Amino acid sequence: MLEAVFCLPLFAGLIAFLLPVKLGRGVLVVGALLHLQLTLLAWLSDFPPLLPGYFSTAPAGILVLLVTSFIFVFIAPYSIFYMREQEMQSEPIFIGSMLLFLGTMSMAALAEHPIVFWIAIEATTLVSAPLIFVNRSKKALEATWKYVLICSVGIALALLGFFFITLSMDRAGIDVPLTFSSLNTAAKHLDPLWLKIGFIFVIIGFGTKMGLAPMHTWLPDAHSEAPSPASALLSGALLNCAFLGIFKVHTLMVLAGLGDFSGSLLIGFGLFSILVAGIFILKQPDYKRMLAYSSIENMGVIAFGVGIGGMALYGAMLHLIHHSLLKSSLFLSAGNLLLGFGSKIVAQCGGMTRLLPRTFVSFFAGFLGISGLPPFGVFVSELLILIGAFKAGHPVAGGLFIASLALVVAGFARIVTSMSFGPSRQEILVPEQTLRIVSPFALLLTSAVLCVWMPEPLHQIIINTIAVIGGTIHG
Amino acid sequence: MESVVSFGLALLLAPLFPGVILKTKALFAGKQGPPLLIKYFTLIKLLRKGSVYSASTTFVFRLGPLISCAAAIMALLFFPFAGTAPLIAFHGDVIMVFYLLGLGRFFTIVAALDTASPFEGMGAAREAFFSTLAEAAIFVVLILFFRMNGALSLAAYFSGSQPISIIGSQGALLLLVIVALFMILLTENSRVPVDDPATHLELTMIHEVMILDHSGPDLALIELGAFYKLFFYASFIACLIKPPPLADPVANTLLFYGVIMLLYMVVGVVESIMARLKMDLVPKYILTAFALVFFAVILTLEIV
Amino acid sequence: MDILFAALLLVLAGGLAPLALHRWLSAAKVAHVSLVAAGCLTGLYGVYAAWGQSTPVLFSCPWLHSLTWSLSLDSLATAFLPPIFLLAPVIALYSYDYLDAVEHAWRTAVNHFFFSLLVAAMVLVTLADNMAAFALAWELMSLSSYALVLYDYEREETQRAAHLYLLFTQTGALLVFAAFGLLAQSTGSLAFAQIQLAPQAAKTAAFFLALIGFGSKAGVFPLHIWLPHAHPAAPSHVSALMSGVMIKMGVYGILRLYFLLNDFNPLFARTVLVLGMVSGVLGVVYALSKREIKRLLAYSSIENIGVIFIGCGLGMVGLSSGNRIMAAFGFAGGLLHVLNHALFKSLLFMGAGAILHTVGARKMDQLGGLMKTMPVTGRTFLAGSVAISGLPPFNGFVSEFLIYYAAFQGLGLQGPDFLLSMAAIIALALIGGLAAGCFTKVVGIVFLGEPRREHAHAATDPGPTMGAAMTLLAVACLGIGLWPEPFIRFAFAGLRDLAPLAAVSADVLGAVPHNLAVIARVFVGLLLALTALRRLLYRGKPVSQNTTWGCGFTQATSRIQYTGASYSLSIVDFHRPFIKTTTKFAALVRIFPGATQYSRKVEDLAEIGLHRLLVRPVLKIADKLRWIQHGHIQLYIGYIVFTIAALLLVV
Amino acid sequence: MINSIDLILVLILLAVLLSLGSSRMMALIKIMALQGAMVSLVPIFIEPQARLSNGGILFFQLMLLIKAVLIPGLLYMALNRIAIKREVEPLIGYHASLLVGLGLVMLSAYITRRMGLSLPGDYALLLITAITTTGGGLFLMMSRTKAITQVIGYLMLENGIYLVGTALTKHTHNIYLVEFGVLLDLLAGVMIMGIILHNINRAFDDVDTAYLEQLKD
């Protein structure tokens, strides 16, 4: 029963609302581990859905699910130790929302019916709102408000997009059940105009959620105001789920022979996102916002890679995995920094090497990784995307890609350097704690290992994901 | 054998000619002047003395004279005096020669800086600057010669089937070269109008000021090196303007040294009738030489 | 290849061991030095073993299932490997005494780790035989060198330098990868062997993209901006390795790509040649104008990269015009200069490091008279200075001679190639003269004369391993000068597997190596004879010491000595349009003038250009665009609506 | 039958225009309740025989409950707590807003024609209404400063989208379970927004978005 993958965390989450804090923490960790097991089952063995019209084990979904579940396992224990330092009154709500968030994301990953997918994504917005809001500060309020409202509007538009896709089916007189796979099989016959319009609404709608510029506006606010484990989850898991929606419709477009159209849109949004992120990273005074903009950039990279296709598509899938690993690691490190320094302002932090040496290592390594240096996987993915872009004959886009990436590295490096090595302005508030260090390191290590060696099934699932739309890698 | 003899002769005779310059200058001034062999006397006098070293100096200071002299002697090894084959010759030896001279200069400069004297530092700075420009000009000459007969060796320039000579087919071009080379000669050997070996004002000197602190045999070595260097440049020009070789080697040699004598006299004349240039005009002066040869090279583009 | 892998493992073990042993600093350092040395010697043996084989040694294994990771050891690689394997152990030896701060044990261990990683990465760069392997090795190299630069991370200067370096190296790497992508476009293959099948236009574009990428790593003007910042900021052994060896990987990249393209476009040749000339001349002029030793040495690296570029450019001109002999001499000269520059530049950086280590002053004008207090450093530094000025009988001359040889060959060509060859000769001559001027300045100001500040009195020679390392390199510099034959043959052998030059055997050399060797030995012999003669002349003569003759000025202090700035003033000013100097001088006024000040600043034209044309506009635009994130939720929703409307209009 | 559907659609349109021109919060909520009810009724009137199956009846009842009672009720509660009666300074004034609303109607008619779907009569009007409602909702969100008005705008947007769905897609695709999920999302969304509104009001003593502009670059 595939549905257990998301039902389990949903129930666990509902229960956690009612449980006392300590028990709730246990539920969180156990839930995370069980979820990972279920995910692995769904991935590696035959695990048929109860409602085949609504849920399925499509490779793209499994990939996203896997990433989500994996990073959640590391974020969950971290968040417990993080929350302990924060002395929060509403911790049960936080724990419950985390689990609900996991559940809704899993549901989105496994959804086979477009509207079900839509429901799940909208639900992720709603259940993650408390996560951002949990600090109850004025800024957190503002961030939550913007997050909920903008994402809701965006996602509502995605629903419109799905209606248009349905219309394109009706116009062509095709009567198949409304699922992604049956749409794919009938793709050739769909009405192209309505399909295009549908895609536009979908990419705008889910692009809002995924953080593609110029619809990204909620993202820096939400990521910077949410407590770090929540930011890690938002950035490392939620954005992927939103991307999944775009990817699925893009697949449909490619199969319908409209790959060029959707591809160019993806390239355009991708590049614009990287550029915008670069502009804002350049002089960013707040390191959590910087990480948020970096997420926008990386989502842009993924969109760019998918838009180009071929080798870049493979690169984009790798990028999805590694970005999640590295960015959640970075956000967790940023959580340690925030606890230690008590400030999100770069200018007020400094001397990380001396004050928080282990966090320095994880943060700096994460920075190197996300800048595309080996041994972290983003190196491979960006390499493939870049080579793929030029290989596929997009030199101008490739050039812009390079320029934007350089911009991002410039800003990122400045901030990280100043925080790591700059003069230390204060003593730390909360010292480092091994339990809060393990998770970021584990995530980094995973990315490094995956850069050198990838398990065969993981490779297979990426290949299966991209094979549908002609992504290749050999060569 | 012939080569050894002519090399030996050159080594022996080189200190004679600077005396000629002095004599010429004296004649112009209406004085009797020192004897022709004055430089030999000076050398012998210096060799007999001991030295006073500055407390600031190190072994580098003592190394300077040795290397500059050795480099100058090396340069003569390659030169086909009066058409006789030199002791060593190979394709590319000119580069070697000028780099060896460069080595000598390097150590002269370093030795000067070793004394901690501001005046010698000043001289060193000028030497480093002017010789760099002169070297560039010389390499343009080499380019021109390579264009003319494809050789990159002193021996091949002036011997062989098609020697480079003013009476050859490209004499007009060579006129430019000779003028330029003469200017370089004056520069590289610190003569008027670039430098004035006779002055006593340290601030205006280049080469002489660099060796202020040397004395005794060290100074003799420096002087000797300077004579050989001047002789090398003079021979270079002499080979260009002398008439085709005669059959008899002795006559040939006489003719060669005659031309050399003439050249030294011209240097003397120039020193008598010209004033030293202002320091900041020197680069312009060297650049003029550079421009002359460069012009000549451009002209070969039409001819060759 | 197995031997090379063993060597790499040893080197990497030499990096990991200090991490494990950092509590016992000496043990960690011993482990590092010995393992790196063992690894490098093994590597040298591996190169030697592969030397005799006529076909390149190949290795490949799958990477991440769909990529392959293939290596090959051909002659070009064998030409670039020895500098790495030779220098790394010497520099590691040097670092033993150089990194002696006990309180920085952990940092030292990390430095050792990245040092080993850098060595290994450079070896892998030379061995890489497809784009994936190359990219990985290249980025590992960037990563490790970036980390090495950051050693003194507390200093703001270091942070800035590292930042700049990261930017340049990352952007450069991306451009190189872009070039790979262009080349893979038609064949779809990432293998190097397939590159030559790419269409003409792609080749041209790829070459220039890669030229920017590799050129920025090599530090060729005007892409050199990171270099004069990074080298002074890095600890000296790191500067030695980076400047001596790592920047040559940029040269390697260009050469490798050029031969892989198999397209002897005259445009490539001319571009490389012109870049070489510009960077050679301007590099040395800027070097002359600098006041910090390490900054001066950094610019001197730019100059030497220029010389190497001139050599390679001449080689390329030779190929594009069909003059194989010129090509062979040009490339061989370039390759030999890679080795030579590695030797003497490392030596010089080590010397600078020794001064920094014992005296602590960076500015030359604060030093002086060190030859007496630091005899080993002084003597080896002098040797290195002569060598880097390209003067016989040292090694620098040998490679420059080969390059001259190629350039003179080029005089037989027509049109632009002729003019460029001629310009190359003039440039080389200028570079030679200016380099001599530049290094007489360093030697003269720093090591000779009298100390200009108090602390220069206190100098002593550094620890024994540092002295040993410098001596080794100085001996090597002289050794190559006196026995150049095997090294020239080594450089020519580097061309053996390159298809267009395979036909040119080392026979074209004729007696050149022999002649060079003979002259060098004759010169040394003559010098020894003269020395003996001098000794003879001084026998029994009175030799006394006194103060320097002050030309009548009797109150001489060490402060009236000529300074480095005044030494180079007129030469630098001569190149005025290409170098920007700003002088601040309050003129003397009244009869009894008060204290006055004179200061002079030389700025890098490329740096100014970069700042004016790129950095400032980008920052300005970025600032203007920041209103996007305005805070108004209404506006944010407006963006969404507007985007939809715009896209719908397009459909 | 035809008259009744037209009547409903006109009422929806009127609701849009009224909401654009109204400054009073209470009136807005009432209008939304009306619009919610009308929107819920539309499908029943359009193809009653097909839609009124077993699950259908239940579903439409639920929809009516949620859209016309629960959501406005939630908003009403929120409004009571925050004690704000009217939108004082909209970014775009009420008269101008009304004009925009009229423009929207015309634009919708134009778009509907341009779409070239050759719809039957009621469907054309339905589509015009749907697009106008969608646009009206977006406009409301962009032009009003009180957070609660934006929630209302969001609701209108959702109504519009639902209408577009009804107009364009065949009913056979409708799976009530799924649609119920959508509704539930909407309900939960409004609840969450209500909670945030409450908190905003507590923190700032107002729900004006002008207070929510701290986070920017």
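A, B, C and D are the chain letters, set down in written order, and residue numbers restart from 1 in every chain.
Everything that follows uses one rule, which is that contacts are C-beta pairs under 8 Å (C-beta built on N, C-alpha and C of every residue); 3 or more make two chains touch, one makes a residue touch a chain.
Since we're looking at a predicted model, the values are computed, not measured.
Distance from subunit D peaks, on a Cα-centroid basis, for B. Closest to the middle of the protein, by Cα centroid, lies chain C. Ranked by number of C-beta pairs in contact, the top chain pair is B-C.
If you average the Cα atoms of subunit B and of subunit C, the two centres end up 36 Å apart. Centre-to-centre spacing of subunit C and subunit D amounts to 69 Å, using the average Cα coordinate of each chain.
The distance from the centre of subunit A to the centre of subunit C, with each centre set as the mean of the Cα atoms, comes to 42 Å. In terms of their C-alpha centroids, the spacing between subunit B and subunit D amounts to 99 Å.
Chain contacts: subunit D has residues 138, 141, 150, 209, 212-215, 217 touching two or more partner chains.
Contacts with at least two other chains are made by residues 626, 628-629, 633, 637 of subunit C. Shown for subunit A are the residues in touch with two or more other chains, namely 145-146, 149, 153, 157, 220, 280.
In this structure, the chains touch in the following pairs: A-C, A-D, B-C, C-D. Contact residues of subunit D toward subunit A in the complex are 117, 134, 138, 141, 147, 150-151, 154, 157-158, 161, 164-165, 168-170, 172-173, 175, 178-179, 181-182, 184-185, 188-189, 192-193, 196, 199-200, 203-204, 209, 211-215, 217.
Touching subunit D in their complex are the following residues of subunit A: 54, 113, 115-116, 118-119, 122-123, 125-126, 129, 133, 136, 138-139, 141-146, 148-149, 152-153, 156-157, 159-160, 163-164, 166-167, 170-171, 175, 178, 220-221, 224-225, 280, 284, 289. Those residues of subunit B whose C-beta lies close enough to touch subunit C in the complex are 47, 49-60, 62, 65-67, 69-71, 73-74, 77, 88, 90-93, 95-96, 99-100, 102-103, 105-106, 109-110, 112-122, 124-126, 128-129, 131-133, 135-136, 138-140, 142-143, 146-147, 150, 152, 202, 212-213, 216-218, 220-221, 280, 283, 297, 301. If you check the complex, the residues on subunit D that touch subunit C are 91, 138, 141-145, 150, 209, 212-217. Residues 145-146, 149-150, 153-154, 157, 193, 196-197, 200-201, 204, 208, 214-215, 217-218, 220, 265, 276, 278-280, 282-283, 314, 353, 368, 371-375, 379-380, 383, 386-393, 395, 398-399, 402, 405-407, 409-410, 413-414, 417-418, 420-422, 451-454, 456, 459, 463, 473-475 of subunit A are the ones that touch subunit C when the two sit in their complex.
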